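One chain, subunit A, links the two complexes that follow: it is found with subunit B in the first and with subunit C in the second.
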Partner chain A sequence: MNKTDDQTVAADSTAAVSKRKTKKKNHNHPYFYIAPFVIVFLSFNIYPILLTFYYSLTNYTGLGGIENADFVGFENYARLIGDSFFYEAFFNTIKIWGVNFAIQITIAMGLALLFSDMRLKLKGLNTFRALFFLPNIITIASVALLFSILLDWNYGSLNQMLLTLNLIDRPINWLNDPVLAQGWVALIGAWMWFGNTFIILMAGISGIPKDFYEAAYIDGANWWDTFTKITLPQLKPILLYVFITSIIGGLQIFDLPLLMTDGRGAPRGALNTMVIYLYNQGFSYANFGYSAAIAYGLFIITIVFSAITFKTMYRSQVKVKKGGRK
Partner chain B sequence: MGKIKTARGVIYFFLVLLVIICFIPFYMMIINATRSNSEILRGFTLIPGNALMDNYDILNSYINIWIGFRNSLIIAVSVTVLNSYFSALTAFALVVYEFKAKNVIFITFIVMMMVPGQLGLIGLYDLASTFGILDTYWPLIIPAIAAPFTVFFFRQFLITTMPMSILESGRIDGASETYMFHRLVLPILMPAIATMGIFTFIGSWNNFLFPLVIIRSPRLYTLPIMIRQLQGSPVASNLGAIYLGIAISVVPIMIAFLFLSKYIISSITAGAVKG
Partner chain C sequence: MKNSWKLASLLCGAVLMTACGSDTDTGSDADGDSNGGGEGSVDLVINSFTDELAYPIEVFEERNPDVNIDLQIIPTENYVDTLRPALESGSGAPDIFTGEIVYLLDWIEQDYWMDLNEYNVDEWSDDYLDYVWELGRNEAGEMKALSWQTTPGGIYYRRSIADEVFGTDDPDEIGEMFSTMDGLLDAGEELANAGYRLFPDEGSIAPYTMGNNPEPWVNDNNELQMTDARLSYFDYAKELRDNEYSALAPAWSPAWYASFNEPITYNAGWEEMAEGEETTEVFGVSLPTWGLHSVLKTDAQATAGDWAVTNGPSAYFQGGTWIGIYEGSENKDVAFDFIQMLVNDEEFLTQWVEETGDVLSYKPVMEEVAQDYSDDYLGGQNHYEFFLERAEQIDPSNVTRYDQRLDQMFGASVGAYVDGVLTKDEALEEFYAEVQNAFPDIEVPESN
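Up next, the complex of A and B:
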């Protein structure tokens, strides 16, 4: 009896609140509160983005003021489309990201499956999670410099270790070979990010109702069946999140390849990523106009990749739903 | 049952192996930071040397890494405070009031979360140069006032946790709206502020591209920019000193992480599940 009374009171007060809320409509308060956000957002976020677009239509060098630059229309974009260095930078970025993501997701998924297995009942999840995550918060500049000297072919600890263990008979020049250098950047990226991905996948898997698995085991399903028929479909939204955030971050990779070698993409342009190219065009070669066009090129590529991911994921989700209805 | 036990043993073995692989780079860094240049050139070992203080003197004669620390700390703390406070204020306005621009702002947020930060790099550099704030911390700190993702996160948090009736009773008691924001809403938001605050702090601490473009004077260098200066500097010829420089930039973060790991990990989970 009491409970219903409370509920009525609560309902009444909500009604009163919403009435007052409408009354507040003409108040100036909200505009006052959002003013700092809006002002800074427009001046430090939107305006620079529009300015960058304007510069991408000029031959502005970045030195001596925009008034000395000419309006060139879409010339910078035409140059971008025909620029073999940009394509090289694009493919370098994709290669590094792809290898990194493959390693990262394999380890993270493996760990998440092991720790969520109901029969294994592994302990120490919190400790392992924290240890695996740790490389993620270390400043990338420090990580890059550390690996660039650990991998040095002359006095780097890795070669010294491999020589001591007689695994190699002469030092390997890890960062002088395009394939090896890209591989190392991908591997270091995976080392930094697999813990993060593991934590997210683990959260996703623990959200799947346990009776799904129990029912499957009773029906005699094996490990592979439960993985492909329950875990993967149920994890789809989380996997989408992991994939999208990873590709957006991956397309922007900068600090690590910049600091691993000479900052211009050595060896032989293998570590020249899109943002390194953007940075060098703008700030090393004084080509602000072209650098701005690269920024927009990167933006369009990001949108295209996100859209493709959404679409593929969404389409397969619809399929699953239809199958389920049958 | 025995089978499961063996499997468990094998898995633990591989997990520990993975932890070791993860930490070898850091271990080598610390060991080499205590060894002299000639010892490092001679070969590798897992046992610490006794050249730590010499390495520190060599490093210190060239670069004062603690200045980088201080600078990074000033920026990261300012960014985190501004980001938390103004995002909370904006989220408060979006949740509590009805007003015209509300939907426009909300849609802009969603769009802006997709835009890569580099898109405005050239424009921001030029804006800073026009305002004469190039080579200062302002272009690195002020943008923190407008952080769409944090506002979005706080908004979701307020919608699910703040009962409107608190504000109502506050109004009846004659409290001003601003007073209520500080005394009622901010405390309710605290868990969300802690979550986003840690991320904002780490993001600012590790930020590389923008300080690289904005900061010119060595005395204003942030830690990552200082680390970059170590590469190819005279000190780079002394490996022990350079390992020590890297170690100084890394170890305090590792120690802080030990204390905060629980919060950090739960906030990644929250971000993923909500996002």
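Up next, the complex of A and C:
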């Protein structure tokens, strides 16, 4: 090896070290990229989540600072487990969400099938899509106010209309009956959100290859066959998404039932959902410690429901795939 | 490249630090240098849930051109949740803020408002209605908040109906009839016989079911006081409903508002209605002072001039706004000047009464105004005189921090009983369970 060779080797090795250094330095860059998100996430998500847990271990009243609150350990959680009001709120939430989801998915699926039907070839999809989505962009407060006026006992338009048409003899006190009030909240919710579900389902259906349907029709399949054998199985991931997002949103239903009646769940606690209960314990009755424990209870319930949904649907999907391989 | 990353990091850091440490919008932190209105001027920030203070601010700014006041109105439903964190942390807290009776008794025990006795306001106490003054004082005797207004309630009624049914529309004579619960219900019967309804709903009698010796909802031992008088609300409300003295128009509903103007439909509760009886006219309603301007004068124009106000079986008050200076304010002197004008300046308060018709807690001006006053809407009645006399009878020692929420819960339970959904015992049991759930520290009586 002569001198020139040595120089070349040295130069190569310097270049390699420098390259490695540059490469190593470059590895730091992604941290900068994600820093804004991480900082915001830690400050506005993780910190409040941890702080809420700490609150849940105290009898904090929201007055005079957390330092004046007593540490009560898991007392709030013990109370939550035996709290009949919480269970009532849980079942109210499930009832309202269940009816709401059933109506919402039925209407959305029906419309999605109608608009995606290859033989009907309905026109004006964009217009209808916008129309269906319209209730979704109205603020919930406005919707609640609008419906509480429409459903007013003596002066509501609905009762006036039904009386005029002689469909009822006396006005119905829609929002004073627990079952009717829950039904109305579920129905209004479905009216507000079916447009969103419709758009998601339409996107899912339009992603299913048309060949499947054509082949099925050639083989003599009818509408029901294509729906149950092609559309539904192909839509499963989308339905899973719709179901999970719906249940997470449904378990947190708050503003509509809060604003429809007295904000405390009237009539007879029928509209007292879990989040309204949480809100009132904290902000109306100044039991922030207990309210924080309810928040964690709600969190666990949401996780359990999502996990069950995911497991059930994922398992059946795996079964389908396994069956397909055979 | 290296430099640009350093620069970006520095900028990021600077933005975050500015965001976290910014106090430019906090009135309380405003010092001499940060007063933005020019040399020697002062910026005051006031937080309130109503726009009532717009007029006094206008007058104060006219009188003090070097003071700029920023009135920030936060809707009532968000007021506590928005303001309390600022008051707890001191960040973004105003110089002056108002408080409602609902949470007043909680707030005066905190370090939110300063003790106004630093300005010797106790020297003014003789000039104010006792209950208004005392409710602003905390247990340690510090004067945390003052109020320019008083909000006693009464029964507003239609003169034409009174004249037709009782042969008189004179508030004193009608008040004499209404001075006991029995008298009130007898009047209800007479009105029902003539085809009228005493009140729009059963809630109108709630303020009068405290009895002659009212007890606070919760006593010093944190025990719920379910007196016989309070229990009587169940029976009175039921009597009102069953005998058709009320018109099934719940407070604040469209039917309730309509009942002040015209006959309303009420055939929603009784099984059998005779032909032609689908509507009825309501005689009166229980409302506090502010109901005259905020409810009747705005929503019952068709019956203007046909109203009068008189007493129910007992004195009560509803609502009210108190005001004080933030403990950490840097502009306390100017803030106090404003509060002094608002609650203690006779010239201003006289203008204020003329402008708003508000009933003041400051007696010298009220007594002066009440000497010779008549309100056209109330058929020429001098309601100031009436309300002052009612306000003098209110005992502040019966007011507790739980009142509004307990009243709401109790009203809902009574409503369930009146609707026939629950028996009285069940309704009472439900009420106790709700109280226990909302306020675990309160000891409730044993259910039967």
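One rule holds in what follows: the second predicted complex is superposed on the first by the 290 of 326 C-alpha atoms of A that agree within 3 Å, B and C clash if a C-alpha of one lies under 4 Å from a C-alpha of the other, contacts with A are read in each partner's own complex, and residues count from 1 in each chain.
One rule holds in what follows: a contact is a pair of C-beta atoms (placed from the backbone, for glycine too) under 8 Å apart; a residue touches a chain by one contact, two chains touch by 3 or more.
Small disclaimer: the values here were computed from a predicted structure and weren't measured.
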item: Room on subunit A for both subunit B and subunit C (clash or fit); value: clash
item: Partner chain in contact with A:L239 - subunit B first, subunit C second, else both or neither; value: neither
item: First, second, both or neither for A:F283, with subunit B first and subunit C second; value: both
item: First, second, both or neither for A:P36, with subunit B first and subunit C second; value: both
item: Partner contacting more residues of subunit A (subunit B vs subunit C); value: B
item: First, second, both or neither for A:Y55, with subunit B first and subunit C second; value: first
item: Subunit B versus subunit C as contact partner of A:L63, first or second or both or neither; value: second
item: Touched partner set for A:I96, first subunit B, second subunit C, both or neither; value: neither
item: Which superposed partner A:F85 touches (first subunit B, second subunit C, both, neither); value: second
item: Which of subunit B and subunit C A:I149 touches, first, second, both or neither; value: both
item: Set of subunit A residues, in rising order, touched by both subunit B and subunit C; value: 29, 36, 62, 149, 155, 283
item: Residue numbers on subunit A that touch subunit B, as the complex places them; value: 13-14, 16-17, 20-22, 24-25, 27, 29-31, 33-34, 36-38, 40-41, 43-45, 47-52, 55, 62, 66, 107, 111, 114, 119-120, 122, 126, 128-135, 137-142, 145-150, 155, 157, 160-161, 164, 191, 196, 199-200, 203-204, 207, 238, 241-242, 248, 251-252, 254-255, 259, 275, 278-279, 282-283, 288, 291-292, 295-296, 298-299, 302-303, 306
item: Complex contacts: residues of subunit C adjacent to subunit A; value: 5, 8-9, 12, 16, 80-81, 84, 88, 106, 109-111, 248-250, 253-255, 258, 264-268, 405, 408-409, 412, 416, 419, 421, 433, 437-440
item: Residues of subunit B touching subunit A in the complex; value: 4, 7-8, 11-12, 15, 18-19, 22-23, 25, 28-29, 32, 40-41, 43-44, 86-87, 89-90, 92-94, 96-99, 101-102, 105, 108, 112, 114-127, 139, 142-143, 145-146, 148, 151, 164-165, 167-168, 171, 177, 181, 202, 205-206, 208-209, 212-213, 223-225, 227-228, 230-231, 239, 242-243, 246, 249-250, 253-254, 257, 261-262, 264-265, 268-269, 272-273, 275
item: Touching residues on subunit A, where the partner in the complex is subunit C; value: 29, 32, 35-36, 39, 62-65, 79, 83, 85, 149, 152-156, 170-171, 173, 176, 262, 264, 266, 268, 280-281, 283-287
